[in-house]
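Just so it is clear, A, B, C, D, E and F label the chains in written order, and each chain counts residues from 1 on its own.
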Amino acid sequence: MLGLAKGLGYTLRRLTEKKVTYRYPDVPVKMPDRFRGIQHFDPDKCIVCHQCERICPTQCINLTGKPHPDPTKKGKVIDTYDINFEICILCDLCTEVCPTEAIVMTNNFELAAYSRDELFKDREWLAANNTNVRSENSTNLLPGGKKS
Amino acid sequence: MAHWLSQPLSWTTAAVFLASAVAMLLVVLLFVTYAIYFERKVIGWIQLRRGPNRVGPYGLLQSVADVLKLLVKEDVIPDRADRTLFILAPVIAFVPAFAVLAVLPFTETLHFADLGVGLLYYVAVSGITTLGILLGGWASNNKYALLGGMRSVAQMISYEIPLVISVIGVVLLAGSLNLKEIVAAQSGGFWNWFFLKQILGFAVFVVAALAELNRTPFDLPEAESELVAGYHVEYSGFRFAFFMLAEYVYVFAMSALATVLFLGGWHPPIESLGFVPGLVWFALKFAFCVFFLFWLRATMPRVRVDQLMTFAWKVLLPLALLNLFLTALVKELVA
Amino acid sequence: MIEYINNYVLVSIFVLLGLLLPVAALTLGRFLRPHRPTPEKGKPYESGVEPTGSSWVRYNVRYYLFALLFVIFDVETVFLYPWAVAYNQLGLFALVEVLIFIALLLIGLVYAWKKKVLTWT
Amino acid sequence: MTAGISGEFVAFFLLSLITLGGAVFMLSFTRVVHMVVALAFSFLGLAGLYVMLEAEFVAFSQVLIYAGAVSILMLFGIMLTRHDVDEEEQDRRRRHRTFAFVAVLALFVALFKGIVALVPAGEGKLAEANTLEIGKALFTKYVIPFELVSVLLLVALVGAIVLARKEGHDA
Amino acid sequence: MAVRTEELLLNVGPQHPSTHGVFRLVVKLDGEIITDAQPVIGYLHRGTEKLAEDLTYTQIIPYTDRMDYLSAMTNNYVLCHAVETMMGIEVPERAEYLRVIVMELNRIASHLLWFGTYLLDLGAMSPFLYAMEEREKILDLFNELCGARITFNYMRVGGVKWDAPDGWIDKVRDFIPYMREQLDGYHKLVTGNEIFLRRLKGVGKYDAQTAIAYGLSGVNLRCTGVRRDVRKDEPYSIYDRFEFDVPVATEGDCYARYLLRMEEIRQSLRILEQAVAQFPKEGAVMAKVPRVIRPPAGETYVRIEAPRGELGCYIHSKGKDKPYRLKFRRPSFHNLQILPKLLIGENMANLVAILGGIDIVLGEVDC
Amino acid sequence: MTVTLASYLLVAAFLFCIGLYGALTKRNAVVVLLCIELMLNAVNLNLVAFSKYGPQPGIAGQVFSLFNITVAAAEAAVGVAILIALYRRRSTVNVDEMDTLKR
């Protein structure tokens, strides 16, 4: 009986404590800077090295390059860049390998959609997703551990 | 009400009765709506949550929205179910729940039928709900429902015995089955309330009443972690709502009964507080009983079914009989 | 006598109202709710898989034994209520009678206890 | 209480209808569970008739024991045995049925004659303190039957346990 | 002819509130007594081990997150640890401390979730939300550290991906006394509760021999009196630097398992306290590793103590950048095997108590 | 139109006859038990009716109906128990097949 009474006392005491739930849709949740949300893609920075495509464990990134419009410059520029968020597992490896920080993480995470097709994001969409971009990017991986 | 009850039956009195019954129905429906709201709020607060706060100001319309949802929800009757009984079962469960309210007195003047055998009426009529639950569980033709139905019935009948025997102590002290007279016997301060004189009986009553109400920690019939939802697994929409409604109407009835039998009904705890209307006192005690149920729900784990049954027969029943014997003996010695 | 009749008129009004509410609500609901049965909806729930076998099986006798105890003790309480009401005017002799009465039933309970009827497993 | 058909008669008619209807339905249903439900309604109707006869205590004892307890006992009994037996009739049964019907009809006619011939007797006033009266009668005049009841209950309890229990041992 | 109760064949799961995921249990019931129980698994099978054969080692790490999704840190670690062992990589000090801190935090989070859901199975609602609140604090810490709350993908071969952000270690330090206080609260609310005790004591009992024969590990083994904890017996990482006890019980029932898990939270807090105190001020979090990870040809098997027991990783390498064969020894899968034996002859009501007491994660069972 | 003793007795007689007919014709033992309950109830109704309208109105009728209820309850309990025992042995609830004593 004592155990029951103790438990009742405990719950009664917590009755008046401060509530901890977020008022989520009313008050947006502030995610820490490192949060892995949806990628932002900056086409200007991309050098079409295909590293992100290759590292992706689920092969959700598809990209194609085209010859540089300025014939004096070597290399390619990005033509199409898609991420299929149906299978993307937000593992962050693409941003980790990107040498130019063309693909970076943002803090935005609301991906819910009514149709699966909407989860297929193209270059324009990813480029437009340019808010809350993460400031630190993959620099920590360098040996020696210099913090950004 | 006493005035109308002593008038010869005419269309006027019948209309008054009908109006009062309808009023009671509305009060009960309002109570159920806000009891569910309040339960969710209290449990939410205890669990450091806010509880419903979306529909209406402070979420006050949450239950209303839930009811409306149930009303427009598709009503599925399983193909292999026993259709007739499936439809009948929630009605059988609900009607007695509402019918027992007819005998509960709220104050000296505010009451409905004033039966000489009020307590027996309550006990007898509330027993019929068990039948509804068993039929509901059986008619669904679902294993979880059957298990849940069997369990609830086994539980409810096992605890009905200690419940009815524990209140005999009160009957002994009051010398009547009439609920008004039982309250009248508790006048003059809280030391005259029966929960003190009948402390053992009160304890047995509380435990048995919890089990009868299928409330935590005795909510096995609908133990969602084992039997998913128990006897009403297959029920949806408004048929489900009536099982639910029956449960909460019993919360109302049982809290009122506990107030009447053990907590002195509308009497103030001290005579000098008599200037506060009786209805307020009744409401306070009643609200405490209801809150206690919610509080328990937020705290307790569920009892296991075998321990539950054993407890009823091996502990509660002997205790209830002992209480009965002691009460009679003390009464004999004192008188 | 008038009060007696009126009381029961009131009780029957409560019963009728209790009947009326579900009937009315369900009838009203019939116009509001959709009705699109599919074979899947008609299947009994069994954790998301096809149920195997009927659920109307012969059940464990333990439940009957509890029902039996319930009936017996229910009858007992029916006799205890008049005793409790009339106790003031009956006195010690009635107490002894009831004690014998309860004792006999307790023997039954103890018998059930000994025969392990009261234990579930 | 108004003129014409009295309220009392209407109540009596409805309750008798429930009682007899329940009984008739009980015989005509094919599912045993339905039969028990019909019977429960019949019991409730009877309780209503008892209320009309000013036997409140008996009425609610009836509800408590029959509608509450015995119905459940019967349902459990059904669930423990095979209950989907169709009462399909063979020729032999039909003869038997006809014979039983004639015999029962004869009995009813005899009873009917007796009842009609009955001289209306006085009417007692019982409503006041019904439970108290029963209590006083039970513990003064009917002490021996009362104690016998407990013996009966004990015997029924023990006997039923002996008969029904078994599974625990040889299962 | 003896006719008695017909047996009732009941499917518990895959869509059932207390199977902790998509787990199916085909139960034969006599009344409420279980006469036979047949677990059916595989509803969550994703072929992680087979997929891994086609992925580079770095790419496998996010997959390990999804095995035991309640303690992804230990899963991350076991793979990195195996590769590091093969390649002989020395992990920097600071990285090792970070690894231990997150693994112990994750152990606490995992046990908290178990505590909450177990009590929910037993019918108590509030402990679940209390435990979730504390777990939330840990997840927030993880979120700050690596940007994810469940699937961390935090460790890399040779170190960890992120260094601790400023003030993060202080937050961990502050968390320790807070968690201790909450733990006392849980004991107040739950441990003494008579209903709770009666539901767990003596339920799902087995002895040490059975436990060993079934290959149980973790708390499920330690509750029978076998003092086996990889952190102590074969210290990996830097566990030999910390002082902590391995709680052991001898009863072998659900209650012992409950108490052990609660005590493990306390021990993890002790480790955390020391790790935070010893945390090196400066240093790298990543060793020098080749750009392409190619373990030398050969096999290796490493094991660590995950919250659910002994988590092993076997790698067979042919010297390529992808494993030839990868195999995880998932503790939940092995612990689950004893379930039918425990269930037969038990009451239906004990089913959830026993199943919950084993503490399985279906992502790990099906892998 | 008033309700007299005869009305109650008629209802009771009718009830009794239904019960008797069922008990004689039904083959399912559970149903036979139900019919017997019905007959006992008919008797009860008579007792209560006589207690109000009988030659000597008094409480005795009600007391006896209580005893009757008790007997009926005990009968139901033992009846179902016998049924279960028989069923376990013979796997049937058909009364026609329960004729071991006749052989």
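Just so we're on the same page, a contact is a pair of C-beta atoms (placed from the backbone, for glycine too) under 8 Å apart; a residue touches a chain by one contact, two chains touch by 3 or more.
All of these numbers come straight from a predicted model, not from anything done at the bench.
Asker: By the touch criterion stated at the start, how many steps lie between subunit B and subunit D on the shortest route?
Answerer: Counted as steps through touching chains, the separation is 1.
Asker: Which neighbours do subunit A and subunit C have in common?
Answerer: Where subunit A and subunit C share a partner, that partner set is B, E.
Asker: In terms of CA centroid distance, which chain is the most far removed from subunit F?
Answerer: When every chain centre is compared against subunit F, the largest gap points to A.
Asker: Higher C-beta contact count, B-C or B-E?
Answerer: Per the contact counts, B-C leads.
Asker: State the chain with the largest centre-to-centre distance from subunit C, centres being mean CA positions.
Answerer: Following the centroid criterion, the farthest chain would be A.
Asker: What is the distance in Å between the mean C-alpha positions of subunit C and subunit D?
Answerer: Centre-to-centre distance between subunit C and subunit D: 17 Å.
Asker: Using mean CA coordinates as chain centres, what's the subunit E-subunit F distance in Å?
Answerer: About 64 Å, centre to centre.
Asker: What's the distance between the Cα centroids of subunit B and subunit F, rounded to whole Å?
Answerer: Roughly 33 Å, centre to centre.
Asker: Centroid from C-alpha atoms only, then distance subunit A to subunit E, rounded to Å. What do you get?
Answerer: 27
Asker: Enumerate the residues of subunit E that touch no fewer than two other chains.
Answerer: Residue numbers touching two or more other chains: 2-5, 8, 10, 16, 30, 32, 126, 130, 133, 189-190, 193, 195-196, 347.
Asker: Where in subunit C do residues touch two or more of the other chains?
Answerer: Residues 8, 46-47, 51, 55-56, 58-61, 63-64, 67-72, 74-75, 77-79, 81, 84-85, 87, 112, 120-121.
Asker: Spell out, as numbers or ranges, the residues of subunit F touching 2 or more other chains.
Answerer: If we look for residues of subunit F contacting two or more partner chains, we find 66, 69-70, 73-74, 76-77, 80-81, 84, 87-88, 91.
Asker: Would you pull the subunit C residues touching subunit E in the complex into a rising list?
Answerer: 46-49, 51-53, 55, 57-63, 120-121
Asker: For a test of understanding, state which residues of subunit D touch subunit B in their complex under the given definition.
Answerer: 1-2, 7, 31, 33-34, 37, 40, 44, 56-57, 60-61, 63-64, 67-69, 71-72, 75, 79, 127-131
Asker: For subunit E, which residues count as touching subunit B in their complex?
Answerer: Result: residues 8, 10, 16-18, 29, 32, 119-126, 129-130, 133, 189-190, 193, 195-196, 198-199, 347-353 of subunit E touch subunit B.
Asker: Residues of subunit B touching subunit A in their complex?
Answerer: 42, 45-50, 295-296, 298-300
Asker: What does subunit E use to touch subunit A in their complex?
Answerer: 55-56, 58-63, 65-66, 92, 94, 126, 130, 133, 136, 140, 143-148, 151, 153, 156, 159, 161-163, 165, 185, 188-197, 283-289
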